[in-house]
Every structure is written in C-alpha cells, then in structure tokens.
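Across the two complexes that follow, subunit A remains constant while its partner is subunit B and subsequently subunit C.
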Partner chain A sequence: MVYFLQEYFFNCFTRSASIILLSLSLLLPQLSNAAIPQKHEDFPQGVSAINPGSELWREVRQRDSAVTGISQVKGVETGVLINSRGGQWARFRIENPVKYAPMVLGVVFLVLVLFYVLRGKVGIEGGLSGQMVKRFTEYECIVHWTLAIVFLFLAVTGLILLVGRPLLIPLFGKEIFSLIASASKEGHNLFGPIFLVSLLMMLFSFVKRNIYEKGDLAWLLKGGGFIGDGHVSGGFFNMGEKTWYWIVILIGLVISISGLVLVSPNFGQGRLVMEISHLVHVFGAIILTAISIGHMYMGSIGTEGSLEGMKSGYVDINWVEAHHDRWAKECHENEMVISAEEYARLQGSKPDTAMEKEA
Partner chain B sequence: MASMKFYCDAERCIECNACVTACKNEHDIPWGVNRRRVVTIKDGEQGERSLSVACMHCADAPCAAVCPVDCFYTTGDGIVLHDKDICIGCGYCFYACPFGAPQFPESSAFSSRGKMDKCTFCAGGPEDDHSSEEYKKYGRNRVSEGKLPLCAEMCATKALLAGDADVLSDIYRKRVINRGASAFEWGVNQLKG
Partner chain C sequence: MIEYLIDGPLWYFALVVFCIGVLWQLASIVFARSKTDLSVARGSATGGAWRNVFSRFVPHHEIAPQIRIQVVAGYLFHLGLFALLFFAAPHVLFLEENLLGFGWTPMPHWAFIVSAQFAFLGLIMLWLRRVVNPVSRLISTLDDHVAAILTFVVMLTGCFALLEGSTALRLLHRFTVEIWLIYFPFSTLMHTFTFLPSRAFTGAWFGRRGIDA
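After this line comes the complex of A and B, so read on.
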C-alpha cells in the first residue's frame, strides 16, 4: 500500500516537474529573441511581449503551488480553478485497485484450493475425544459472528462498487447493475459504522489474550506447523491467531477511519483528503479481504475441530493438545475439561432453560 | 461533426456572475446546486482575473472514466451528458473532475448526496427532447432548438463563448492577435517613458 501511495505522489511530482520543463522550453526562444534588439539605441533593454497573464495561468495549472481564488458560489473548493490531481486519482484507481483486486483475491482462492488438494484437512492426532473445554463465552461468539457477517457484507458490496463496471455491467447491463450498485452503496454506507462498533467490541473482548508472549517466537520459527513435522507450541491463542487478530484490529481501524471520512461529505473536506482516504480504504480492504479468505479456510474446512469452537464455544481437548499445548496444561490443572455426556447435556439443556425462562 | 466547447476569455470576464444566474434560472436548478461558477484569482491585487467555469465537456472525460456505474455518454456534438436514472450519487466524478463541475443536491451523513447534476451544455439528457421528464432532471434543451447555451448567449462582454471548437478558436485567435499588437505598443510606450 505504501508503495502504491509513493507511486501516486511520485507521479504528482514528475508531472509538475515536466510542466515546469515545458514552460521553460517555451520561454527560451523568447529570451534569445529579447537579446537581439539590444544593439538598437531605442530599445536598450529589449522588448519581450510575454502575455502578462501567462505567469498567472502557469501557477493556476500547477498543482503543487495551486493558486486559490474566490467565488460567489460557496461550497467545497469552489475557489480552485483547476484540480489536476483528480484525474490522476481516477487513472490510478482504474489502473491499480480495479485491475488487480480481482486478481489478488482470485490468486488467494486458487492457492487455498491447491493447498486443500495437496495437503487436505489438517486433522488431529488420535481423532476427537469427545471431551470438551469451554474456549469462548457466548458473548465472544456473538462478537465474532457480528464482525464476520458485517465484514462479509461490506466486502461483497465494496467489491461490487470497485469492480462491478468491468465485470458485472457486461453480465447484467447498466440499468440492472445501477440498482445493484445503488443498493450496495447505501448498504455499505449504513453498515460501515456498525463494522467499527463490532471491531471495537472485538478489540476489548479479546485484547488481553492476544498480547504476544515468550513462546510465540518459537511458533513463528517453525512456520506455524506448516514447515517440518511435530507440534508447534501455543497458548490460548497461538502466534498466528494473535497476528490475525492484530491485522484485523489495525487494518480494520484504518479502513473504518478512512471510511468515516468518505461517508461524511457534510464536513466539507477537500477532494485530496477524499482521494487519499479512498485509496487507503480500498487497499486496506483488499489486503484484509485476501487474508480473511485464508482465515475462513482455516476456520472451516482447513482444520478439523476449529469451527466447533466458534459455533458452541467449546473445543475438543485433543484439538487443544494439538494446537494450544500450553493452554491444554492450564485446562487440565484447572479441571476445565468436561466429559462428552456433560457436554451433550449442556448443549441439549439450552433449549429447555430458554423455555423455562419464557414460561 | 462538431465538437462543442466553452471558452472563457479572462481578459474580458468582469465577474458579473450573470452566467451563473442565467443558468440557474433557465434550468430551474435547486438551491445549493451551481452548474456554473465564476472564480476570481488574485482578487483585489494587481493582475486580477476572473473566469467562468462549468463542465468543459472534455474529449477524454475523467468523470466518465471513473464512474463506477458508467452513466456518462458523449453526444455526436461532443457534449458530455449523464443518465440520472443510472447515477448512484457516489461522488467519484466530483473528485476526478479538474473543474469541480459535478454538483450534488444534498450532502449529509452516510454519504447521501442525491443524483449528480452538472452542466448539460443546454442539451438536456437521454429522455425525449422537450419532455417534462427531461426538463425536471436536466433542465431546458436549447441545443435541440438550434440554440447555444444561455450563459454564453447572454454574456455581456462576450467573455464566455460556446460553440464549435474550430469557430471558437478562430474568434479567440483574432482577439489574441489584436491584443498582441496593443501589448507591443504598450511595451514600446513604457520603454520610451
């Protein structure tokens, strides 16, 4: 992302530099002409008939030293006569995110398909025991799924707005796509702030367990279990989960803040602020979406026993031994492991207690 | 085929804002939307200049390129128009336009701006010519009556010109030649003291 922004600003710079060079080359012949009549007694200093306005127009046209005027029409940047950055932003958007977002997401998807075909589901040694440990409270599960659903909705609607023109208009035609895009835009704008709220809930409810600790470096050195054989050591959250958590929080906050800037044009922010916010927003969103596809894979068909943890809040003790051995010790010490019968009773009794409450 | 353009002569514009008013009146434009505006640079200083700007009907329009729903089209006369039935009011055209031409009737939270509105070169929109639908969405269609945009037609100093690009550049070239001669004379007189 930094690279793209650098390129964007570099383009701004080279363009203005080329304009200065162009204007210099236009001035040179006039300077040499001005030298000729010096011999003439009447015109000791020469006469150069440069348009008095040319200096002014050059300043107006150059974007880095934009001369701002005034206008009786009040509004956002109504005093700016020419804003050439906008065209650059538009070109950059079409040539980079619009073009590469489907490719990046497609490549991530294909890599995961390939990984699944080659390695298959990552199982648990000795299979599932049936003995369960409570990993997440109901509140934590609700926070996770709220964030997940809002995120998926925003990712889909955002992608429709980003790549709908080249990919969906040929399928549906402009009229029908306009309806889809309009609904996507309104939905995206309404659900965006909800994403920030659920992101903050995620931040507060999981932050304590996601602070990096001593054993995490060993996890990283073993490549999270993908490199070599044998178990990798992990606590309640392993190093990969912690990193994913911090990616969600940090990129999520960046997307949320830039999104809030974009969603509230009523504060009269200028076009440059909007353009930068848009680029930050779109690159952050593509990165987060690409990684989230990996998370969805590992949380569902990629690893045996993971989805159960977020569905009921309980995980199998053998799954804990395999992926979170340090936390497994704690579970045994604190006698948190419950039998299969106890788990079935707890799961089965839920509807009963709900009915009792209603009664 | 003609290529319709606006040209505003900075040496003639006197910042009377009559073009702005005429445009608002002719097309019955809502409060807060200004299809045309006059920008004054170096107001009150030496070298003050004013220019009337609206949509310049670019040959390669950035708004049309960036529009996520592709609602812009260029007429046979080179006029850039848009379809308000397709526009979703995202505001990207406003960020992309060099001249700040696209306008939005609202600007409130949740990015609700309403459908974009801009100068049509008095050429209406995709609806039937002179239909009430067309008038409601895009304003008067003068081009179909063989008339040029009202802002330029009524400009008191003939600073704002509208019409075929070739004709406009001919007019402007003549003005520049005349001015060049007088500027030269002015320069000579200055040196003579």
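After this line comes the complex of A and C, so read on.
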C-alpha cells in the first residue's frame, strides 16, 4: 500500500516538461514498425537493439519521464493520453480489497458463530426483573435504526459492486449480474448522502454521553468482562460502546467524504484524488462493515436484554446493573425505575407478555 | 411477453382501477348522508373550512414538541415525493408521452436526486416512528405498513432504474408502480385526495359552532 502511494506521488510530481502527445501518437505507427526485431539468415539469434517503440510508449504513457501532455480540450487531466496509473490502481483493487473483503467478513462471521456456540448468549445474573428504566428517547431510537437501515443497504450494494463479479456472475450469469450491478450502483450513490445525514444526526444526539471518562479505562483493562471475574464497571455507555460510537462517527465521516469525492467527479478532482478516495472508501467500508457485524451480534442475540433498549427505549434494571453499574446507581437515586405493569401500560401490552418475550 | 404485459394491458388495468377506485371512494364520501346540523350557527362554516385547510399545515404549538419528528420527516417525504413525481425529467416525459400529450420544464438531475434523498430519509423515519412509538404502533393497521412499504419499494425500484439503460429495471419500476396504483384506492394512500376535504369538513363543523381550533 505504502509503495503504491509512493508510486502515485512520484508519478505526479515528476511530470514537469511538456511534449505534444498528439504528434507522438501520429508518429507511433511508423516508429513501432521499425521497432519490430527483424530476423535475418545471417543472424539466426536475431540482433539485440533498443526498441525505439518502447521508448515512445514510455513517453506516451508518461510513465517515469518528465512529460505533460497538452490538449485543446479544457478540463482536468485532459492532457493525459494513457493513464498508466489506472492499470496499477485496477490491479491493486483486484489483488487486495476484492480478494480480502470476503475473507475478512467471512472470518468475522465465523468467529461470531463460534463464539455463540461456545459461550452462548451473555446472560444476566438473576435474569430479567421486568422493572424498566428509560434509556433512549424515541428520536434516538429512530436515528439509530435510520442509520442502521441505510448503512446495511450501502454495505450490501457496496459489496455487490466490490465482489459481485467473482461471486455473483457464476451464480446468476452475466446478464442478470449486470442488472444487479447497475441497480446497486444507482442505489449506492443515492443512499450515500442519506448515510451522511443520519450519521450527523447520530453524532449530535449521542455525542454527550460518549465522551470518555475516568472509569472507562478499568473496562478496557478487564477486556470488557472477558478477563478476570467478569464484572466490569460502566457508566451510561461503557468503554466498548463509546469506542464503537467513535468508530462509526470517524470512519463513517471518512467513508462519506471519500464517497462524495467519488460521486461528484465534476468538482475538479483529478484521477489521483479519485483513486486514493476510492481506496480509502473501500478500506474504511470493509473495516466498518466487519466491526458492525460484531455490533449487530452484541446488540441482538449476543447479549440478553440489549435489543429492548433500541426497540422500546427502555431496558431492564438488571441489565443496567450488569453492564452499566455506575448509571444504575443514578437510576436508583433519581427514581427512574418503573414497574413491569407501568412499562406494559406505556407499551400498550400486558405485563406478562412483555416478560415472556424477553425470557 | 412480460414487457408487452407491463407496458400494455397491466398498465391500462392499473390506471382504470386507480381512476374508478378513487372516483368511487370520493363519491361515496360526497354522497354519504350526514345528519343535518340543526343548531343555530355561531360562525361561518365556509370560513372555518378555509381556516382549517391552511392552519393544519403547521402543528398546533401545544403538541408541536411531541410531533416534531413527524412534521419534519413528513414534509421531507411528501415534498420530496411530490417534486420527483411531477418534476423529474423521466416522469415529465412519461406523463407527456403516455397520458397528457404535453409536458413542462423538468428540474435538473441533481435536484431530482436530492428530492429522492429527502423522500427516502423522510419515509424511513416516518415508518420507524410508526413502529417505535407505542401509541402509533398500537393504532397502525396492516394497511398502514403495506402502504408505506409499497411506496418505499416503488421509490427503490425507481432509484435502481435511474441509469435509464436497462429495459428490465424500467419494467420492474413500472410493474411496482402498477401494483401501487391498484392498491391505492383501497388503502390509506387515499389520503392524497381526502386530506384537504377532510380538513375542510372538520373546519366547517368547527366554524359553524364557533370553535376556534
């Protein structure tokens, strides 16, 4: 990757002199004919000579020579006759993200399956009590699910664009894949900015409670409960959740901005910026998708009682004690705990059904 | 064959169901017998009707804080959908060639995309609010969900066909539009046509009784 980027910058900055590419291309057929090595009966092995055609092509492709093309056409990089870096970029894409993305996501998935089989759902000591505490407002739940829906749509369509060729063509054939790819591209481009908007809504509505504080380090040292006796201290959000939040915000912003650079090529950005944006976009998306699989697992089947918080905005007080003891204290002090009956009334259902569902 | 069906008979069938269904529903409202109001009028029914039609565009200040999400998402969705439905270039062209025989200046492509983004964001948030809010969830019927999801699917297939380079994707969009048109008169989607008369009716009733609401 570093070598690749070095190459990029090197190529860009060494092009300082100018030659008219058009005249070169007109000369090309004659010169390249002369460049074909001719075998002669007196020299059965052939004659070793520098191929003038290769020199010419090097100039045309503006590889490592100091050449800049000139064109009547006004626009970004219109003087580039053949973009050699494009080939490098395409190869890098196929040899790296296209190859490794399915592996990374597959490994994360398998690890979670294994984890679930070995450890099962992370339960709550003493089970659920049925007494609930308000954790998220309606707006916060809506913002979370909007972000999640839009993200998942982008993840699926993005992966189709990235690895659809090798994975889907064998399944559906070229014609159907071309439809899926075209639909995915349009869908991906249209939903990208919606992701940025929902990300900003998430940023503003959750930021206050995600600032790191003193007790968070202890959570990290205990590996989030996986090291030691298993009981870790946490505030409203624990260290793991806060870190997830900042990963979503920061990588999400990087993906969004690089995506905007890609989706609007008419703002004067050249190929280099586009190619780098593309790689940043792809790597950011793969990392975020991989971690989001872990988050989705932890937020649903992985942890007893978590999902209720994002569904109804309320969580069981025993869940709070188990995962957020410092916030639990606040809940008791401020008399925020409501009975199962009150919760059922607020949700418009009978208390026992709410409890049964959780169990 | 499928192309012929979607572009031909199914399209006409959907149009007929839509037009007759909507007219039937509206007529049944207009001709529904309501009891004659024998009370002495305390104010103008017409004035009340007009007032209510417009005043309901802005939420009442007492409930505004509780319904801010619906108001913002509602406007995003409805204005976005209206703009892209009637001012996106492919729609204007379609209406001109297939229905009206005349067209108008469409909006630029970027505005079409932004309208669609507003509409998608608004619709997703509106539907989420419906399922997250316990009261909305309780009073929502299957029809409410089907109407929202069907509209979303129509918008999504439209988005998939944006490149305008594939007959199959265009047909998919047109097919979902036809299903939507057929479903329309029998569902809450009818509020497109009934929201103004219903506001006027309530407003007239209020106006006659001198209720300032």
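Quick note on the criterion: the second predicted complex is superposed on the first by the 276 of 359 C-alpha atoms of A that agree within 3 Å, B and C clash if a C-alpha of one lies under 4 Å from a C-alpha of the other, contacts with A are read in each partner's own complex, and residues count from 1 in each chain.
FYI, a residue touches a chain if its C-beta (ideal position, glycine included) is under 8 Å from a C-beta of that chain, and two chains touch if they have at least 3 such contacts.
Here the structure is a predicted model, which is why all the values come from computation and not from measurement.
**Student:** Just subunit B (first), just subunit C (second), both, or neither: which does A:Leu167 touch?
**Tutor:** The answer is neither, since A:Leu167 touches no partner chain.
**Student:** Would you check which partner chain A:Thr146 touches, where first means subunit B only, second means subunit C only, and both and neither mean what they say?
**Tutor:** It touches subunit C, and subunit B stays clear.
**Student:** Please indicate which partner A:Glu138 is in contact with in the superposed arrangement: first for subunit B, second for subunit C, both, or neither.
**Tutor:** Only subunit C is touched by A:Glu138; subunit B is not.
**Student:** For A:Leu190, is the partner it touches subunit B (first), subunit C (second), both, or none of the two (neither)?
**Tutor:** Touch status of A:Leu190: both partners.
**Student:** In the superposed arrangement, which partner chain does A:Leu346 touch: subunit B (first), subunit C (second), both, or neither?
**Tutor:** second
**Student:** May I ask you to decide whether A:Gly313 touches subunit B, subunit C, both, or neither, giving the answer as first, second, both or neither?
**Tutor:** In the superposed model, A:Gly313 contacts subunit C only, not subunit B.
**Student:** In the superposed arrangement, which partner chain does A:Ser182 touch: subunit B (first), subunit C (second), both, or neither?
**Tutor:** Both subunit B and subunit C are touched by A:Ser182.
**Student:** For the three-chain arrangement built by superposition, which of subunit B and subunit C touches the greater number of subunit A residues?
**Tutor:** B
**Student:** One more residue to check, A:Ile293. First (subunit B), second (subunit C), both or neither?
**Tutor:** neither
**Student:** In the overlaid three-chain picture, which partner chain does A:Ile276 touch, first (subunit B) or second (subunit C), both, or neither?
**Tutor:** neither
**Student:** Share the list of subunit A residues that count as touching for subunit B in one structure and for subunit C in the other.
**Tutor:** Comparing the two interfaces on subunit A, one with subunit B and one with subunit C, the shared residues are 178, 182, 185-186, 190.
**Student:** Within the complex, which stretch of subunit B touches subunit A?
**Tutor:** Against subunit A, the touching part of subunit B is residues 10-11, 17, 20, 32, 34, 37-43, 47, 49, 51, 53, 62, 65-71, 83, 85-92, 94-100, 104, 107-113, 180, 183-184, 187-188, 191-192.
**Student:** State the interface residues of subunit A toward subunit C in the complex, per the touch definition above.
**Tutor:** Spelled out, the residues of subunit A in touch with subunit C are 138-139, 141-142, 145-146, 149-150, 178-179, 182-183, 185-187, 190-191, 193-194, 197-198, 311-313, 346-348.
**Student:** Enumerate the contact residues on subunit C facing subunit A in the complex.
**Tutor:** Answer in residue numbers: 69, 113, 116-117, 120-121, 124-125, 128-129, 132-135, 137-138, 156, 159-163, 165-166, 168-169.
**Student:** Help me check something: in the complex, which residues belonging to subunit A touch subunit B?
**Tutor:** For this pair, the touching residues of subunit A are 42-43, 45, 47-49, 51-53, 56, 60, 67, 69-73, 75-84, 86-87, 89-91, 93-94, 161-162, 164-165, 169, 174-175, 177-178, 181-182, 185-186, 189-190, 262-266, 271, 274-275, 278.
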